[in-house]
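Working notes, beginning with the structure itself.
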Amino acid sequence: MSLLEIQGVSKRFGGLQALNRVSLHVSEGEILGLIGPNGAGKTTLFNVINGVYRPEEGRVIFRGQDITGRPPYEIARLGIARAHQIVRPLNELTVLENVMVGACFGRENRSLREAREIALAVLEQVGLAGKRDVEAARLNVAEKKRLELARALAARPYLILLDEVLAGLNPTEVATMLEVIRAIRASGITVLMIEHLMHAVMNVSDRIVVLDYGEVIAEGIPQEIAHHPRVIEAYLGDPRLSQSLLEAQGG
Amino acid sequence: MSMWRSISWWFTLIVLLGAGLWPIASGSATGREDMFLILMLVTLASSLNILLGYTGYVNFGHIVFFGLGGYIGFYLMHRQGWSLGPAMIAGGLATAALALVLGTIILRLRGAYFALATIGINEAVRAFVANFEPFGGATGMSLNFAVYQAYGGAAQALWIAYGVLLAVTLLTVGISFAVKHSKFGLGLMAIREDEDAALVLGVRGPRAKTLAYALSALFPGMVGVLFFFKNGNIEPGDAFRLHLSIETLVMVMLGGQGTVWGPILGAALYERLRGYLLTSPLFKSLHLAFAGMLLLLIILFVPAGVIGWLRARFPAIRRVIP
Amino acid sequence: MVSPGVWIASLIDGLLLGFVYGLAAMGLTLIWGVMRVINLAHGPIIALGMFGVYLLFAYGGVHPYLGLFAVALLGLLVGILIYAIAVHRVLTAPHLSTLLATFSINMMIIGTGTALFTTTPRNIDISLGRLVLGPVVLLGTRLLAALAAVLIAAGLYVFLYRTTLGKMVRAVASNRAAAELMGIPSARVLAFSFGLGTMLAAVAGGLIATFFPFTILSGGAYELKSFVICVLGGLGNPTGALLGGLILGALEGLIPIVLPVSWVPVIEFLLFVLLLLLRPQGLLGER
């Protein structure tokens, strides 16, 4: 069953067509990877899904409900949470308070006391329990990434949008994070993730959708995508990406 | 409510009640006048802090609610024969309702644009009231001395106004405490830190901001009625003094924005300091310049204010001083 | 029925004033455009410009229009000083910090100024005659002030678009980090820009002093007008400020014909708030 259905969504900024009739679906319980070169429109698509941008065309259907153009806070309460690519900690609040915000205002709309319990559990899950009373601004980058994830998880969403949560992490941290992502899915949360780290996304995703210049150019299981001619073509322009594609094909 | 089980709330309540009851116990009229001013400023600063300190919206026009509430209450007492209590409640509710309407419109603006809009609103309202004949236009209104007879004479009326102010101050600080420790307050602080991120986390930004604005407008509206009742007359220049608005900001900064005790301490310190400067022959004519220098030093070197600095330095006191 | 002559005379009167208002607002909008700071010491700087011209004239015998040059230089230096002391350190802090830092300067100037000059109104007693064109009577001082404002505005434009330093100012305004990478000393350019903004305000004050009486507190009213003008012309846009000044001047000239003069500020400030709300493209575009 489709949890999220994106139907012909277009979004432009001035002369730039950021998204051009993008259609895709996310099935309940899967991990769907969203890849593509820089500027392909991946983050823009996330912004359309969770209501930061209103698309000019097309619809976003979540659990059978049309959520196109609804404000972000309503969409959050319907059960979509998001971890940002550029971390956005609430700097002067403690780590615990940051995560409590997610629990308080997310899908389950918990009271302050319940939120605290949930936040403590989630912090344990992502390995930040020891830092709960530290101001979020004082965390290092890897910890801020985990905080971003913890906040999204605390909302107990149906669908979580992960925007490059692996970027900037060292190999050990990547491995840990992949375990966390699998655990998230195992707990019943559907995952839609943008990722540049090809071998990691190939490794963890059930299915992959490729965007280029705002259009879906390929869709399929990881093995198909790694050898898809249009994907290879799109990635050849970028040496770093083609290298990682080669690695992924080899692995 | 859980705040009644909190040490820091009891500490706050006892300190405020002790300071507030002292003039009543000693029967000192000058003590009462001093304390009236301090409690009034504590109320203005604490209510401003709900929007400024918790929500992060810089409001230069907080005083518009003080002035407008004062005018509405004064009008009801002067022209409609209402007594102080109902007039005060009406003044507060009217300003809160106005803020509710105004807030849905102007809280779409962020940062410096919102700050500018609040200046514009204060000036527009001041200019409008100066032209509004039912409120006495540019000359304002004066209470007939006979009005105070209903309260047992002018002297007795001043004590009554003081007692009511003390209650309003306790209510304001209590609400400030409750908000800070509530889910609503957590949402406001999330907005303060990063409004867009807060929206994505599910905080109903527009509604939360507007409620915070209305709540912060309720108390100055009530205090305005008390102040101008005590004063006996009201005119546009006194009611919408932009300068007092900004001084209130200074108090919040001085004590520490975003904390419950910051505005209390800031208001008391600022008022004592101003009183000292005004009476000291050395600083008398330069008190404003001196206050400006103090403000600059705080902004440059202690941006978290006294309470913020103390709480960062000695985390243990967080349990007592909210 | 009001005769057309009155309308024309009031309009021209208002427009002449509008040029000077626009000049003052240019100072405010320039600082905002370059560093996103609203200078709350703007009003007192205008008042200092008034007093500068007045003191030079009354005690030094310097002709007011000559005194303006000295006031311009002083305005620049005072601005650089304010930037160095109060603004630079808090430039990257939240808005409240720069607002209150510049407001603290406001308090210092007003406090010291009140102590030194009291609040007795002063005026500069000069006359440049008048020009009579049918129903329109133009005071020489106002005509010259408007002319000076136009020349200074043109000078600012040439400076910003034709000189190296001006181009540096614009570079720092559009992207400070990139400008630094290009080797532009951004801190010095910012200090200079702030000085330029206060210079414009001080000169505008000096011009106003040649035809209106004033006190140290008079700047406050012009500061509020500058806010309105900046928003009319688009915050951060110096050419827009001149246009905004003309619009405000015209309103101030024409409204009193149909309404009591005390309604002018009501209309001005309502317009101000409405513009802030209804011109979101330039105004909400900060994030």
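Observations on the structure shown:
Each chain carries a letter (A, B and C) given by its place in the written order, and its residues are counted from 1.
Throughout what follows, contacts are C-beta pairs under 8 Å (C-beta built on N, C-alpha and C of every residue); 3 or more make two chains touch, one makes a residue touch a chain.
None of these values were measured; they are calculated from a predicted model.
Chain closest to the overall centre, judged by the mean of its C-alpha atoms against the mean of all protein C-alpha atoms: B. Summarising the inter-chain layout, the chain whose CA centre lies farthest from the centre of subunit A is C.
Subunit B has its Cα centroid 44 Å from the Cα centroid of subunit A.
Spacing of subunit A relative to subunit C, judged by their CA centroids, is 49 angstrom. With centres defined as mean CA coordinates, subunit C is found 32 Å away from subunit B. Shown for subunit B are the residues that touch two or more other chains, namely 196. Within subunit A, not a single residue touches two or more of the remaining chains. Listed in rising order, the residues of subunit A touching subunit B in the complex are 50, 52, 71-73, 76-77, 81-82, 84, 88-93, 97, 100-102, 104-107, 109, 111-112, 115, 151, 155. Against subunit B, in their complex, subunit C makes its touches with residues 32, 36, 38, 85-86, 89-90, 93-97, 99-101, 103-112, 114-115, 224, 227-228, 231, 260, 262-263, 265-266, 268-270, 272-273, 276-277, 280, 283-284, 286-287. By the touch criterion given at the top, residues 52, 56, 58, 60, 105-106, 108-113, 115-117, 119-121, 123-124, 126-128, 130-131, 138, 196, 246, 249-250, 253, 257, 285-293, 295-296, 299-300, 303 of subunit B touch subunit C in their complex. If you check the complex, the residues on subunit B that touch subunit A are 182-183, 186-187, 189-190, 192-194, 196-205, 258.
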